[in-house]
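Heads up, the thing below is written out as structure tokens.
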């Protein structure tokens, strides 16, 4: 399972330069990121990633692999110890999150992704913080997607159920129209019906030209819709390839996807 | 102290019990001050320090004690909420202080008296009024020049009655000073035939005093006795606001709050006619001028005379004992305070001593005659009256002298 | 010997006194009892007074002279009994309080005054004389007013505290000192530079706001950046409180002081309440500020962003909110409001370096009672605290008035653990 | 890997019990461990839970599914004493449980996990696990002071905890603070800790949301083992593959009430359930053609929008 | 500069009664706050009821010394119950305010004129230490090396005091590494999770409150015994704040944290104060007078706390990792 193992399938690549060959016109790219929370403990051990304009990228991997950390690092929420993050050629390493938002990056965290003491409506308003003028219009849009939220717009997010919170989080990210969207397990905790909605929505946004990076444990589903996927393990890229390649790679299936969903 | 144990008795017994080096004199009289620089009584600090400084200046100008200038260490007594006093005493003892002047607060004094007297050092407070010290076990080393509550209370109570106030309200700060004085006033007033219709003991740290004053207002007393320190300005403010001004009700104050600086920002006439009692036989004005030469920023003069007298008495006692050891000083303190040729300044007194005479030091704070407990036995109380400018006249209306006990 | 001493000192005192106020002649060696009888301001002549010892031994009988005064000298100090003969009083007058016997004490070398207050006999059936005493309800009204007055000042402090607590999670024990600082800065402009209080106050509020901004920029913000925990910050704020308080004492001094303007205003009567005009103005200003800030927090974008930052700073940043900027705005406005609280407190009371510290507990009580982190909660909680402090004195001794308010705090929290306006979080 | 062959006995008996049971809400079970009657919980105007009657079969794995906000978690909260129901009664093992405080509920053998995980942040993962064990001698004040009293038991507990941690792939993290775990790891810890209690009935609130599918699969085997050991499992889950794989019985909640009950296969073809919950694509991952058509729809919508914009 | 005095007073403070009293108070706070997460800001009240329990028993009720100790302990236990039963359900920050309020109520009642006959008003009570010092086995003399040392009275006090401190530390050590301590720490993190695991959270919180309160109450005894008096104002909120400062300085949830914290606290206090006083006296700081030393010393001490915590937010013994987890 470690990255040094010789590649058994087309999907697996271990060669950095080969991977980065396609990264010339990347919208967002990370070069050899090393990052962590506690002094002396690196969670990301030099992961590379790039995403091109209007691409949908999936990141999967075991729990604790560093997927969320990677997204956070890109978004300036975890301190990057070495390596670089570039957005459209601009170095945004360790830039504050709010300045990234104004550069058109959106992010849905995995946990703690709502403001509990604000109402649903206010949560969404915060989503549109930098573009207050658009609030009304966007609100109508997400209200249509998640009618459950519109009904309860005055309810405090802290009292919402797990799935309802997840809806709020997703809706919050949809309030701005970002050009790059980072989603950390957007479908977790949602009912199957809403999971569908989330995946379709992600695809739709992507179709409209938004670059999407999506971390998912609903891995099969994710690989199905993404253009390219990364398998992250222990803070490093273990495998990369197209979604199809990864989904059909026996090693990936055994280690990361399981066979349950196929049965 | 200790009821019967007199200074002379304990001068023998105290020495072995203490292991402190200060028990033996080293030739230099060393004074320590333990007075509030911080905490809730910090406003009392500057005048007290100034009193000691002034005395020291005069003593050293007059040639010092035992031929050497008197040394002095200043320390902070804080208030009871911190344990600074204990620290300060440690430091003073380490610096071989022979006598410690302080503290302002009775409670603070109580917490360090064992430590000080245990080391054979004189503990001399210019401001303690709690009656506990009369009976406290102090190895005969505790003295005070503090204002005599009882006499002041009697004089004030009599004044209130003599002014014809048949209904009286008392606002007293809730601590040993305030309640002690208030008790005495209340007793005198009641005995004299007037009625204390309301007595309010207030917490001086309270957020405001409107409820306290409202209680007085509800009873509409003719005379209002204000016992406290500088927070009285807030009380006055409330009294005026709630319609109990000094021109409709007679106000009385005590030494803690009869001040020439505290009320001057108030509109003219706010305190017109208000009477206040201050211990001490002399008009305070000249003394205050001298104090200002030591500390030009002084705004209040509470306990400055007492502190001044304390320092002078210690110096004189050391001269009389020909020793700077604490126990020896204590043994002579009562002697120099009474019975003998009267003198009012260190220089005059020390000259008499050198001439081999028995002296009786008469202080700025009063005649200062120590009884066996180290408490002043006799005092003079001056009665002052405020004028239109919210300052009291420098000349007293009247002086009353009497035994404090009784 | 002692007697001689007293006599001598008395003589000395008398000497000075004689030199000083010759008009007020009074025998220095008076030892006995004396008094003046007056009826409605007029001296009462010829009233008979008898003095006996405590045991009943007659000492002397005297009658009052034309000035209404009487005087009995005694040899021995001690308790005596003084009786006024009611029949010797002018017709239709009586001793107030009923009793015509007094038992004063004579002290060595001093005279004690004995008072018999006289009043016209009330005609039977006539309405009792108005003594100027207020009824329970008048008192209650006055105290409620005072409660509002105090409660609103507490509320201002509480609002500032709650803003900062709400956005940063910092329990700022130095908030009391921010209050004091505001008051003292206004003092510096008012007394030091001779500015009228209103402009001085406005300047002080602006300066305090700037200081609050700077404080966060240079200090708290840096700590946050280093990831200092809220508890460590709380203790740091205790250190900060000690530092500020003592610096203020160093520069301002330890004494009470007041502004030059609006000092000791006479009260005006409004129904059962007497209030100084400045109180009324203060109440108006305080209410306005509280409501405006409260609404701003609820309705404006910055206000909502502040609440968002309070909930989850990382998520707020992810939403495009400049967290540091919001926090600085909050620090600036919190400090400015604290300064206003200080000025109002200084105006209605007086200034002292401990003024903020002394009121801090009540502020905490107000914030908590209302529900932590809610602006209107701070207002409601503080009003409850203020009113309880004052009104409880109808039943408890004033020295214990804070006890009443604090007890209410405890009791309310028993029934509403989340505070009056707070909301319970869901579990699971 | 645990397989169906190993789990025949209990599974068979559970399935046998459910076999001829009517598929209707509130159907009585032959050997219920938990019986719930008329539980109502309102929040202001919203009735979050209004369950008329539900029974949970002993020794079975029962899934509780339903749309987001259906009231599943709230229902758990009522049953486990974390919230007070406005009305209702329920018995566990025949003992009335309404009004019983949460810790007593757990001691009685009914343990739940939290959907929004509650890791004890500044305790290590191992300490988190140890805490779960019941009847610890060292948890009484006086005995705690003398280690001899509890050393032996502690070692046993530790052993058990380590075994579970290996299974849950948390063994590498055992000495780390629980607060430093990733989202999925927290879920795993939450469940592993509940299993330390060795309850009779374990109530899992979305245990596998956010857990890697490969790991999920191996853990399901573990859950089946639990059933073999006689434990009853009630779990909330939105992952239909998982529900289908391990549950013997499924209860469906919507808007606070139980709307359907039945074995997984039947339930997943129930129209109402599909409507309210599963949606059109529940049974299989989207095929390519479906994806295409969806995208076409979306594109059309988008174009229409753009047109609208331009027309304005 | 009188360095000898500065050094001796500093050393004396580090091992003197202050460290005993504040150390014990802080050990109690550490149990409450450091281990259990109870923000009990009423520690001063535990000290007060104990000190007053002893004092009133001996001076007002004329009971023997040991009875006074028993009454003091009982008073602390009762206070823990009275305080705990209604308040332990509250969220941490609400608990903080309620306990401050309760402690203030206790102090105001002790200080009131209304109850002066029992508690002695603002002057408090004295004269209850005779029996304690009568038990002193040390013959009169000076105990120590050179200028460092104490007289027989103080050495007796310190011998007993430090024994009790060490004993308390031992108890804390044993308890906190046991499963019992684990439950407390778990409660600190999330009580609902602990409840879900079948632990009676309320009972553990109460035990913690009792234990910490009783250790705090020992601090009250020692305060009274050393100073020979109890006064209401010493038991104000400041005392509790300082105890918290000490806990954080030493490192929360560390057995010796409070003891070392107390030493640092007093060393800072005494060293700064006395050095400053000497500097001013010897004219090194010309713009200040010796009487202004007080406030500046406090200001510097405040600054010292700030710096210590800025440099080492986890305290002396603390674990940086824990702080990182805790940070928002």
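For reference, chains read A, B, C, D and E in written order, and residue numbers begin at 1 within each chain.
The definition used in the following text is that contacts are C-beta pairs under 8 Å (C-beta built on N, C-alpha and C of every residue); 3 or more make two chains touch, one makes a residue touch a chain.
Predicted model only: the values in this text are computed from it and were never measured.
**Q** Moving only between chains that touch, what is the shortest number of steps from subunit A to subunit D?
**A** Shortest path length, in steps: 1.
**Q** Using the touch definition up top, find the fewest steps from subunit D to subunit E.
**A** Minimum step count, subunit D to subunit E: 1.
**Q** Looking at C-alpha means, what's the farthest chain from subunit A?
**A** With centres defined by C-alpha atoms, farthest from subunit A sits B.
**Q** Report the chain closest to the protein's overall CA mean, measuring from each chain's own CA mean.
**A** That would be chain E.
**Q** More C-beta pairs touching across which pair, A-E or B-E?
**A** If we tally the C-beta pairs in contact for A-E and B-E, the bigger total goes to B-E.
**Q** Can you work out the whole-Å distance between the CA centroids of subunit C and subunit E?
**A** Using C-alpha averages as centres, the distance is 31 Å.
**Q** Just give me the whole-number Å value for how far the CA centre of subunit A lies from that of subunit C.
**A** 60
**Q** If you average the Cα atoms of subunit B and of subunit C to get two centres, how far apart are those centres in Å?
**A** Computed value for the inter-centroid distance: 25 Å.
**Q** Where does subunit A touch two or more other chains at once, residue-wise?
**A** Counting only residues that touch two or more other chains, subunit A contributes 37-38, 159.
**Q** Which subunit D residues reach two or more other chains?
**A** Only 73, 82, 114-116, 180 qualify.
**Q** Two or more other chains in contact with one residue: find those residues in subunit C.
**A** 246, 249, 397, 399, 402, 427-428
**Q** If you go through all the chains, which pairs of them touch?
**A** A-C, A-D, A-E, B-C, B-E, C-D, C-E, D-E
**Q** So in the complex, which bits of subunit C are touching subunit D?
**A** Residues of subunit C touching subunit D: 427-428.
**Q** For the complex, give me every residue of subunit D touching subunit E.
**A** 80-82, 101-104, 106-107, 111-114, 118-123, 127-128, 130-132, 134, 136-141, 144-147, 150, 154, 177, 179-180, 193-194, 196-197
**Q** Would you tell me which residues of subunit A are touching subunit C in their complex?
**A** Touch list, subunit A to subunit C: 75-77, 96-98, 101-102, 107, 109, 112-118, 122, 125-127, 129-130, 132, 156, 158-159, 172, 176.
**Q** Residue numbers of subunit E touching subunit B in their complex, please.
**A** Checking each residue of subunit E against subunit B gives 2, 4-5, 8-9, 12-13, 16-18, 108, 111-113, 116, 121-124, 126, 140-142, 147, 151-153, 227-229, 231-234, 236, 238-239, 266, 269-270, 273-274, 277, 281, 290-295, 297-298.
**Q** Applying the document's contact rule, which stretches of subunit C touch subunit E when the two form their complex?
**A** 169, 171, 173, 223, 226-232, 234-236, 238-247, 249-250, 313, 361, 364-365, 367-368, 372, 397, 399-400, 402-403, 406-407, 409-410, 413-414, 417-419, 427-428
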